[in-house]
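Given below, in the form of structure tokens, are the structures.
Shared between the two complexes below is chain A, which pairs with chain B and chain C, respectively.
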Partner chain A sequence: MVFEKIQEIIAEQLGRDVSEIQMDTNVEKDLEADSLDLFQIISDIEDEFEVSIEDTDGIQTVGDVVKLVEDAKK
Partner chain B sequence: MVASKICAAGYYVPEHTVSNDQLSEYVETSDEWIYSRTGIRYRHMSGGENTSQLAAKAAKRILEAAGADPLSVELIIVATISGDYATPSTACLVQAEIGAKNAVAFDLGAACSGFVFALSVADKYIRSGLFQNALVIGAEVMTKTLDFQDRSTCVLFGDGAGGVFLRRGNTGGVLAEDLGSDGMSAQSLLVRHSPVNNLCTQQSCKQPFLCMDGKAIFQFAVRETPKSISRLMDKTTLTYDEIRWIIPHQANSRIIDGIARKLHLPADKFYCNMYDYGNTSSASIPIALGQLWEQGALTEGVRVIIAGFGAGLTWGSLLLEF
Partner chain C sequence: MYTDICKLFHIQYPIFQGAMAWISDSSLVSAVSEAGGLGVLATGHLDGEQCRAEIRRIRENTDKPFAVNIMLLSPKTEELVQVVCEEHVPVVTTGAGNPGRFMPAFREAGVKVVPVIPSVALAKRMEKEGADAVIAEGCESGGHVGKTTTMALVPQVVDAVNIPVLAAGGIADGRGMAAARMLGASGVQIGTRFLVSRECTVHQNYKDRILKARDIDTVTTGQSTGHPVRVLKNALTREYERLEREGASAEQIEELGRGRLRMAVVDGNTDQGSVMSGQIAGMVTKEQTAGEIIEEIMKEYTELMSAPCV
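Right, the complex of A and B next:
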């Protein structure tokens, strides 16, 4: 559920097909997202899940984003 | 209905332009890095003119376009965070420079939302009947506030001034507005004054340069500006099709892309000129209005939304009709 929603948000932000976005997809290398794309993705995710995500420095893969959201929801 | 009719708009920017390539000779950056993340390629920099001089030059153009005698001006508000002095106000210096000796003049500080707030205030003065007209200017020499060793901020800003002249009338003006502030997030964008150093205390002196939490400001702008524009539209019966342009504060093209996406509006609905001017804080929206005015695009009945967002934090959207 969390993954599917994040998939959707990233796809919309980056103009990609959802099938390109998997747990092991590297946000920067595979999706060519830069820091500003990531700011917007995190901002949209915070709004969607009503969570606050402070530390985004370690994000590499879509799976990292999913884990941050799941941790924040606890 | 009593309204603050917008009779003219105008702008002035200093002569010197500085490209991203020129900046990259001073700090470790590149045209590709700056342009891809901001949409900025050039900015105008003062060659010594201070904020009041930019504002006065814009003011003269505005009054000429409005066919208004400086002696007839009743109110001058200058929105700025980079005034010539702490006091007197930049507005008083403009008053003297243009010879508007009958005007009441004061400054208003709301950073990049400053012009939006100033226009809102002037509109209320006019509609209350206290003043018959107002000269509203946004003017900045932002380069005074920059640390040219800090590549994360010094590439973003430029200098300039712009404004409008309002007259009491029956149509147009400010049709709706949404203003807001969030002082709880004040620390995310600062330009410091002198610290408190007196007989009772000594505080360490931090550099007076602009410092910004870029991530926080970016997220704030992309999150709050679309909400403000939506609340504004909720206050009218108009649709986006009846509005010619949305003119957001020109901080960053990526912020504007984000706002457009959140509002599900096409990018070409948004007027952008940061390519040539960078972020001129409170001057950015009136410079855009001045450009459009000079192009003859702001004819009778044309509606635009102006939307500012910036330090404070502050934000504000006005629906204007010419």
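Right, the complex of A and C next:
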């Protein structure tokens, strides 16, 4: 499942428990990720799912990331 | 090889002059380019038409290549990109964000793109989006900084991408340039040393602060806002420290910084202004022309690289 894998990747990068990472969790505000963390997460996700995520500007929540991956897999 | 960068950008020496907002104007840029490096125009304080006027002044002073830096967080980014493309500027360096959405426009106008990046993930992303090279900038630099040092960042970026990598942060002489070469860099970007060059129009008080600075005199302010900035210690940085100690909001801290760079650069108020500087300032002790600086760095570098190993 896309969400569970993304949960794992974000938890690992930010040193968080997977339970802290839900669809409506704000990556910057709730998880205190900075822009470098975000690009690292995107890079790891691209490698994991073998997709290319072009537009990262609008990412706020974990759900936004899940949607980008699902769209990229289509 | 350092010669790859020279061929790619049609310059004599693999030395970029770092873009410094309010500071690297047409005067400094043309001097560096004329001397065989790549001058880089800062646009953080310019609108599109002011940028165009500066580009034209550079072209009146030199027929050598130069670059324009665009801070992607700037509200004027779109008009600056348009001007750079219309003027067919040879090279653009980008900072503070992802230039991806502007890549097609740059390509079409024949503009080479060199993003400044603070991490491996961003370097890989820039390569994928078609960047011609990247500048791996360590946190020894002045102004907005990342988290990783030049020594640690450069070899990791070199291993991760197949495009040329320039090293920036903490480099001001031939030794730094030779060290960067050993780390796998194809060139260097130098800011602080060019700031004190004779052609740099920054206020003399600002130059004097750099010339007198010691190794321990820079601090990073705004750590809590997620946008740390390296500057020389003064009354302003003490105020930042007080606010951060008291747990002030990011907005309050950002507000304190408003207009402070201009205050230092233009008005020469180096107590209350933001005196951005790299950690290498302690080694920068004399004013020279941009040409003398480049010549001296290349002489030191060449001697080091040809010295027998002992």
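Please note the rule applied: the second predicted complex is superposed on the first by the 74 of 74 C-alpha atoms of A that agree within 3 Å, B and C clash if a C-alpha of one lies under 4 Å from a C-alpha of the other, contacts with A are read in each partner's own complex, and residues count from 1 in each chain.
What we mean here is this: contacts are C-beta pairs under 8 Å (C-beta built on N, C-alpha and C of every residue); 3 or more make two chains touch, one makes a residue touch a chain.
Since the model is a prediction, treat every value here as computed from it, not as a measurement.
J.: Putting chain B and chain C on the same copy of chain A, do they fit or clash?
T.: Aligned on chain A, chain C clashes with chain B.
J.: Check the residue A:D34 against both partner chains and state whether it touches chain B (first), chain C (second), both, or neither.
T.: both
J.: In the superposed arrangement, does A:E54 touch chain B (first), chain C (second), both or neither?
T.: The answer is second: A:E54 touches chain C but not chain B.
J.: Is A:I42 contacted by the first partner chain B, the second partner chain C, both or neither?
T.: Touch status of A:I42: both partners.
J.: For the combined three-chain arrangement, which segment of chain C clashes with chain B: 55-63, 73-81, 199-207 or 271-279?
T.: After superposing on chain A, the clashing stretch of chain C is 271-279.
J.: Which residues of chain A are in contact with chain B in one complex and with chain C in the other?
T.: Residues common to the chain A contacts of chain C and of chain B are 34-36, 39-40, 42-43, 56, listed in rising order.
J.: In the complex formed with chain A, which residues of chain B make contact?
T.: Per the touch definition, chain B meets chain A at residues 36-37, 215, 218-219, 222-223, 254, 258, 261.
J.: Contact residues on chain C for chain A in the complex?
T.: Per the touch definition, chain C meets chain A at residues 97-98, 100-101, 118-119, 121-122, 124-125, 128, 146-147, 226.
J.: If you look only at chain A, which of its residues touch chain B in the complex?
T.: 12-13, 34-36, 39-40, 42-43, 47, 56
J.: Which bits of chain A are touching chain C when the two form their complex?
T.: Per the touch definition, chain A meets chain C at residues 34-36, 39-40, 42-43, 52, 54-57.
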